[in-house]
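You will see chain A twice below: alongside chain B first, and alongside chain C after that.
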Partner chain A sequence: MPWLRLLGNLWLVLAIGAGHAVAADYKQIAGGHFASVLPADEKAADMQVAPYELRVTPVSNAEFLAFVTKSTEWQRDRIARVFADAQYLSHWITSDGIDRAQRDQPVTHVSWFAAQAFCESEGARLPTWLEWEFAAAADTARKDARADPAWREQILSWYSRPSNSALAAVGGPANVYGIRDLHGLVWEWVDDFNALLVSTDSRDQNDPDRLKFCGAGAMSLRDLNNYAVLMRIAMLSSLKAADTTANVGFRCTKIGAGEKS
Partner chain B sequence: MKPAMRLFSSLAAMSFAFTLAGCGGGISGAQAMTSAEGSQHGDFGPPQGEPIHAVLTSPPHVPPPTHRKAPAKVIVDLEVIEKEMPISEGVTYTFWTFGGTVPGSFIRIRQGDTVEFHLKNNPNNKMPHNIDLHGVTGPGGGAASSFTAPGHESQFTFKALNQGIYVYHCATAPVGMHVANGMYGLILIEPPEGLPAVDHEYYVMQGDFYTTGKYREKGAQPFDMEKAIDEKPTYVLFNGAEGALTGDKALSAKTNETVRLFVGNGGPNLVSSFHVIGEIFDRVQQEGGTHPQENVQTTLIPAGGAAIVQFHTEVPGSYVLVDHSIFRAFNKGALAILKVDGAENKAIYSGKEVDSVYLGDRAGPNLAAVSHATSAAASGKLTKEDQVKAGAQLFSGTCSVCHQANGAGLAGVFPPLAKSDLIAADPKRPIQILLRGLNGKVTVNGKDYNSVMPPMSQLNDDEVANIVTYVLNSWDNPGGQVTAEEVAKVRAAPAPAPAAGH
Partner chain C sequence: MIRHKLMRAVAFLLVLLGTSAFALPPATQSNKLPSDSIYQLNLHLVDQGGKAFELRSLRGEPVFIAMFYASCKYTCPLIIEEIKRTVQALDEADRNRVRVLLVSFDPARDTPAALTAVSVEHHVNLAHWTLARTDPTGVRKLAAILGVQYRAMTNGDFNHSTMITLLDQEGRIAAKSDKTSALDSELIAAVGRTLAGQNP
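Then we have the complex of A and B:
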């Protein structure tokens, strides 16, 4: 119906206004030693995480709309196929208009390329897996809650629900760093998503020729019991950079003062 | 394969095309060539004719025979769907499925076929998935080539070299969890000559399930990794749900028919001792074996394995399919029914011919109190104490096996008689229950029970009166006394409507 579309476009204008008015919120994370599920030496060594700033919430549809309105080459009918598959932003009403209800939902149906481009527009980049995992190990009170069965339960209860209902708005409860929605809303792209799993058949983890799959990024999982994290790695490694799905979104990491870009 | 042999096999493949047209009798080249000779001899050359889309069926149904005489190109479209479904009455579970069912869609092809496999991961799914078909010869059984993100599709092609019944399953990390959530099914690779015709073919697959709640605990139950690692399932099921193959959904056949079951076991952990109560398998073909075992009572189906079992029906009735690791059948759900209709065959099975009293140790001295009560009743001097004493001895013989000597019952299976709110609500109801049995759901002291107590029709009026009086005066029950006359009256009255049943 034309008048509905008009409303949608009206909303588009508002969205651009909002996008300009409020700069995205980032929080400082000090980093430190961290027992990643992907150990540094492929056995047990801790990773060293440098200080970084992480975006408080995943990028919303409204925020992404503001981005493609400015950088029109990232609109769904203009983007080159090598950068995003045919489902890219397919949940939007038009290439530059979203439904009011989608405003605060995390943007999904975005490719890794598009996510990276958005982050650059905020003077940022996608977090590495390690940066993402470091922040996501926390709960509301602890920096590392991973040994707590309740922490795993909460993650798994989200995994076990198919995503056929509408996504919630961004802005869930903050963890100890003030970061929100790391669990329970969407999967999130990370910078090095394609270097996580040793092979596409997860069972041959000790195969000597695994290096052929991802070279220096080849790693093995330290904590096989932490299957909540393992499943996220499996999910990310099933993707190619141009892929988009109904439940993969992203957030960004600010390039810190000490970091060269 | 040596060049000379390859030449031979392609010649053989050509000859199939001719026999197809001629429909001649005799042993085909394929039969001569393939029996028990393995994958080397399963390559009948390139696919012939137009590609065929495989018919996929939901359990317990099996696609029709291929009736093909030459290798074909077969396209299989299988979609992965994550969905919440009942696992038991009032209990739901989020299953991950191949084709929307547990087990997944049944795939039927012919040895030598070239299969173009399309694995689709529904856009609403949260997880990546893949498929490892045990019928595939190649690394990972297709797993590495089919790793698929939600909203995407993978394609790979294989040639079915070995005939037999094979399991397929998801092999995405964590593999055990994907399998435990129901991601398995069967693929039948027919021998070139096909399987002999039978009256019924059914698809049954066992799996073990791990929920955080107890067996039959109501509501949506999440997966429990700890229980899965400990190999302590909450449910052991045929076709993914308690009741999937019972009641209206029971398998059916008539007498004097041949039934073929394709029986798989998805695991992830347990090995099945598959048995059909009241039948003997005439033939059991393990996996792709060409030397079937005959006259088998119970056959092992390993996790990740399958068998084709076949038997002939003689006598009508309900035949119960179980995992004969028998607690799984009666306490974890591994139970299905094959209902056979037709005329009785008394020459083979008579049904019950004699039902007479056998006193056993009741005749002995430990039932002195019973004899005393009987004579006291006869002389009209029966007291409540006599009845309680006699009732106690009868109870220990007849009732305590299930309800326990202390009246506590067995949690979740046999309701307690001790301090029972059901008895307190109607102290005369136990008479009714003893005489007519109790079938179906009943709530005692806040807990639901759903089992069957048969009528205790072997007990006479005196005995029922004594047992009920004993129960009423034991374990904090309200007390009171029941006379043989009261029992006689209940026995004479027509059965109340809801309890009628069978």
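Then we have the complex of A and C:
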């Protein structure tokens, strides 16, 4: 019985109680035309971003704990290996217990499958790359700050920070949409992480018998100076869906009527 | 200056990614699905005849599984022909036990009728082959579990990695192949091993 285990750990009960009292906060983003670094037609066409609601903060350890307490098949000692590697939630004290200091830190050591399952429990899903990139292009005052060298420099300085220090709590400064922590805290899973870099050439140069990729066109990245964003794509593309790391967390997206696949 | 920052960032990235661990549990034959079976995935599919079924209903025999879409002009026909050739190269007893499942990337257009048209065009034996569709979320999850990358293009095509995966009787990945124009002897050998593993 999960309840009995919880009763033995009072602060845990409080943490979960608090999680229930305050539903996760989402903010509406109107969308619009957007020059993604991954252009729609592989050349230069702007993407059209449909309106969506993005979770204000990444999912915290306490929120993820409340989820696995209800959906016990996602606990680290019960999860099917096909959905998460051996490091899944390895930073928690027990399979259903976290350190007080971890409560408000973003949850990491979560696989894509686990992140997706959490979002489904909130009536949401992981954001697409495009939805994530659209919101993350903003700074505190502008919807698209990407051309500003200072914006890029700030992100790159985060990338180069050592990763062995403790993560800060979620809830950093809000951008112009009211969304927090898109940069500077953790990397984040996106729904289509396995769709970002599909081929620069349809044939393996060394072996003409191997057609690794289908599709006539080559994927080309736009705005190659934007290392800050391209590195994130490279990182996400290198992950497998069951992988977990100490630096990858997630947030969720809700979509209103008229969602297209 | 920027190059220096980039190098540091790349170094960080390498550290970040150097922490993956993977272990394959030994084969079991209990009724409980193995932890590393892709049949752990709740995946609802609809076949070329419009009949709904679950991915895990394929448990029990080896399965070649691949993803494709009906309007694909390039490698998808090659994938289908490659699986046909591989199945044809098996001993007759093995051939009759192996199943083939093709799942579409393109649920918006690949109706049962479109899937049937592909099966007719390629003369596949529907006693052993199933062409199926699922919803967009299901496509993403199946691709993720198989390690297939795909991306929808604005012209209706999909860029995707080509991959033929052999699942053992319990739904564990027994072999993968990305060859589409030469018979992959490793894939054939893996079928033999898989079937031998069940009947020692």
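Keep this in mind: the second predicted complex is superposed on the first by the 230 of 261 C-alpha atoms of A that agree within 3 Å, B and C clash if a C-alpha of one lies under 4 Å from a C-alpha of the other, contacts with A are read in each partner's own complex, and residues count from 1 in each chain.
Everything below uses one rule, namely that contacts are C-beta pairs under 8 Å (C-beta built on N, C-alpha and C of every residue); 3 or more make two chains touch, one makes a residue touch a chain.
All figures in this text were calculated on a predicted structure; none of them were measured in a lab.
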Chain B versus chain C as contact partner of A:Ser160, first or second or both or neither: both
Chain B versus chain C as contact partner of A:Thr69, first or second or both or neither: neither
First, second, both or neither for A:Ala195, with chain B first and chain C second: second
Partner chain(s) touched by A:Gln116 [first = chain B, second = chain C, both, neither]: second
Which superposed partner A:Thr94 touches (first chain B, second chain C, both, neither): neither
Partner chain(s) touched by A:Asn247 [first = chain B, second = chain C, both, neither]: both
Residues of chain A touched, compared between chain B and chain C (which is higher): C
Which superposed partner A:Tyr227 touches (first chain B, second chain C, both, neither): both
Touched partner set for A:Ser238, first chain B, second chain C, both or neither: both
Touched partner set for A:Arg125, first chain B, second chain C, both or neither: second
Touching both chain C and chain B, counted on chain A across the two superposed complexes: 87, 153, 156-157, 159-163, 187, 197, 199, 202, 227, 231, 234-235, 237-239, 243, 245-247
Touching residues (chain side chain B, partner chain A) in the complex: 82-84, 94, 123-128, 130, 132, 139-140, 143-145, 147-152, 171-175, 177, 222-223, 225, 229
Chain A residues within the chain C interface of the complex: 40-42, 45, 80-83, 85-87, 112-113, 116, 125, 153, 156-157, 159-163, 187, 191-192, 194-199, 202, 209-217, 219, 227, 231, 234-235, 237-241, 243, 245-247, 261
Interface residues, chain C side, partner chain A - complex: 2, 5-6, 8-10, 12-13, 15-17, 19-23, 25, 33, 35-38, 40-41, 72, 74-76, 78, 107-108, 135-137, 140-141, 143-145, 147-155, 157-162, 178-182
Sites on chain A touched by chain B in the complex: 87, 153, 156-157, 159-164, 187, 197, 199-204, 224-225, 227, 230-231, 233-235, 237-239, 243-247
